[in-house]
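Okay, got some structures for you below.
The following pair of complexes shares a single chain, chain A, combined with chain B in the former and chain C in the latter.
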Partner chain A sequence: MSTTKSRNLSLTRRGLNFEMLMWFFTRLTALAMYLLVIVGVVGALIMGARTQMNIADLLRWAFMPNALHVQNSNIADIAPWATPFWKATASLFLLIAASHGLHGLLSVLDDYFVRPWQRQAFRFIVIVLLLAFSVIGVYVIWTS
Partner chain B sequence: MQVTMKIFRFNPEKDTKFHYETYTLEAEPTDRVLDVLERIKGYEDGTLAFRRSCAHGVCGSDAMRINGRNYLACKSLVKDFGANITVEPILGLRVIKDLIVDMNPFFENYKKILPYFITESPIPEDGRERLQSQEDRERFDDTTKCILCAACTTSCPSFWASDDYFGPAAIVNAHRFIFDTRDEAASERLEILAETSGVARCHTTYNCTVACPREIQITKAIGEVKMAMVTGKV
Partner chain C sequence: MSRERNISVIQGLRYQGGGVQLAWLLHRISGLGIVLFVSLHILASFFGGDFGKFTNGIYEAWWFQLFVIFCALFHAINGLRITVLDLWPKLLEYQREAIWMEWAVFLPIYGIAIFVIIQTALGG
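For the complex of A and B:
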């Protein structure tokens, strides 16, 4: 005998679960944020950052591609930096980062608070915070 | 060489708070910390309490904090710590006396993951062993090495926060059965471990891997359980 018996467990038998989904979600969103930073950096370099921006401004832009973040650099024409594409990228970044980070906060709280009502209360608070951050953030991105 | 041992002391019948006591004695560099403890108990202070049984790193009863890190006293040589050695009980479990802690929460968590062989399929035709290929056995070889000393679980910050977390040792033992082709309750165990008190509490701090006196790659095993949970592949 030299074969490995790989077994597949059906999802219905092993159960679909909040923690499992969030664990997976956290990994995916982390990768997505790396990707968005790369999109931000590459986009900025194409739009003139290579000669008209210092590294601090570039990184600030990469982590939140909002046109306001390039105002103080030597970029002459800010219009290409304020397109709907960049606003959408910034919104996506915000939604992903907020959900990723707030779930992180929740998992730290879960370490210390173990009574079901406490965990429920913190889940509720975190969902309210997530909604508030997302709505306010997206509003600011599209109206600034 | 001369060794100064600073030992955590707590006697529930007399003390309201723990204190440290210091003993200075001769020891060989190749003596084990356990030997020095035995000498203190035997010749200097018979009231010192600690657990030990096999004295050969097999039974897992003498896990303790030596100079701030979890070790088995019977597998730790004096020369690796130098002339000043501080010995304290493992963290996150209630101290009963001196270096002895209440292991109940640890074993309660261990029991939750069904740490025994479960199968419904009939015994093989010949009525003998359930055979398994070497590759299949290899899959969970590392996690069979666990001796339940609790060095890993009591090195874990998530477990310090609350013993509601199953802890690395319980997950290691779940891994041992989940990846065993002869066992048929992997789904059940994965479902149990998917609870909020299960693998979600592991933040890959890696303390457990460092603490394990059997050198089990614990964080890796926990990672494999997490992946099995998502993909269903074991």
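For the complex of A and C:
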């Protein structure tokens, strides 16, 4: 079986286009989210969760340090998370997760809506949602 | 660029893709579940008030927690399998084993979560 070596192909013929980059982006952001979860859990353990909470409370404390989040649950003192470092990691997690998730939503929609105008419309809606959730989410993280 | 769908949904469901197809389907459903859940969550934190209380009531329901944990856990574990196999394509040879391993990790963790959630729901 003779094959053309990929390095002899031009970038476009190799398939390096926007969709290919987003395919790669989806996998890289998955790994990035694993990393951020580990950083958050380790941070929570260092900041005292080791001796004070079970895993459910730890996750709620570490990843949703926001009094409005689930109003009826008991939440420990959230002051340790109110540093620029943790707000920056939370913002990064939010932006990564929102783009990963909404791009995933678009891939699912593309499978069921094949007409160009439908795809255009869903692209528009998803981009608007992505911008809205990014702005709202970052606003919530830095102001509460 | 428009491509016509030349099989029906019923035919698609009859496709016997086995464990890989099941993982694909559950990955899709759990991904949509997470998008819906997180979107509502961000809006609830932003608006608070009656809307926040209403959505929080749903999040705190035990049946909804079972669904959310399923989505997050399955999507994370299955996503790790997809990422590893896609970025190291030589491992695709072990796709079947990877899916077995995935369920071996998922089922015990989800089982514990079910147990704890239902125990808490019953007031334990």
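Definition applied: the second predicted complex is superposed on the first by the 112 of 144 C-alpha atoms of A that agree within 3 Å, B and C clash if a C-alpha of one lies under 4 Å from a C-alpha of the other, contacts with A are read in each partner's own complex, and residues count from 1 in each chain.
Rule of thumb we're sticking to: a residue touches a chain if its C-beta (ideal position, glycine included) is under 8 Å from a C-beta of that chain, and two chains touch if they have at least 3 such contacts.
These figures come from a predicted structure and were not determined experimentally.
Chemist: Of the two partner chains, chain B (first) and chain C (second), which one does A:Ser144 touch, if any: first, second, both, or neither?
Modeler: A:Ser144 contacts chain C only, not chain B.
Chemist: State whether A:Glu19 touches chain B only (first), chain C only (second), both chains, or neither.
Modeler: The first partner, chain B, only.
Chemist: A:Leu9 in the overlay: touching chain B, chain C, both, or neither? Say first, second, both or neither.
Modeler: Touch partner of A:Leu9: chain B, not chain C.
Chemist: Going by the contact rule set out at the top, does A:Ala32 touch chain B (first), chain C (second), both, or neither?
Modeler: neither
Chemist: Once chain A of both complexes is superposed, is A:Val114 in touch with chain B (first), chain C (second), both, or neither?
Modeler: Both partners, chain B and chain C.
Chemist: Identify the partner contact of A:Ile125: answer first if only chain B is touched, second if only chain C is, both if each is, neither if none is.
Modeler: So A:Ile125 meets neither chain B nor chain C here.
Chemist: Shared contact residues on chain A for chain B and chain C?
Modeler: On chain A, the overlap between the chain B and chain C contacts is residues 114.
Chemist: If we count contacts the way the header does, which residues on chain C are in touch with chain A in the complex?
Modeler: 1-5, 28, 31-32, 34-35, 38-39, 41-46, 48, 52-53, 56, 59-60, 76, 79-80, 82-83, 86-87, 116
Chemist: Looking at the complex, which residues from chain A come into contact with chain C?
Modeler: 27, 30-31, 34, 56, 66, 68-73, 97-98, 101-102, 104-105, 108, 114-116, 129, 133, 136-137, 139-140, 144
Chemist: Okay, in this complex, where on chain B does chain A touch?
Modeler: 131-136, 139, 157-158, 161-162, 164-165, 181, 186-187, 190-191, 194-201, 203, 226, 228-230, 232-234
Chemist: What does chain A use to touch chain B in their complex?
Modeler: Checking each residue of chain A against chain B gives 1-11, 13-15, 17-20, 22-24, 107, 110-112, 114, 119.
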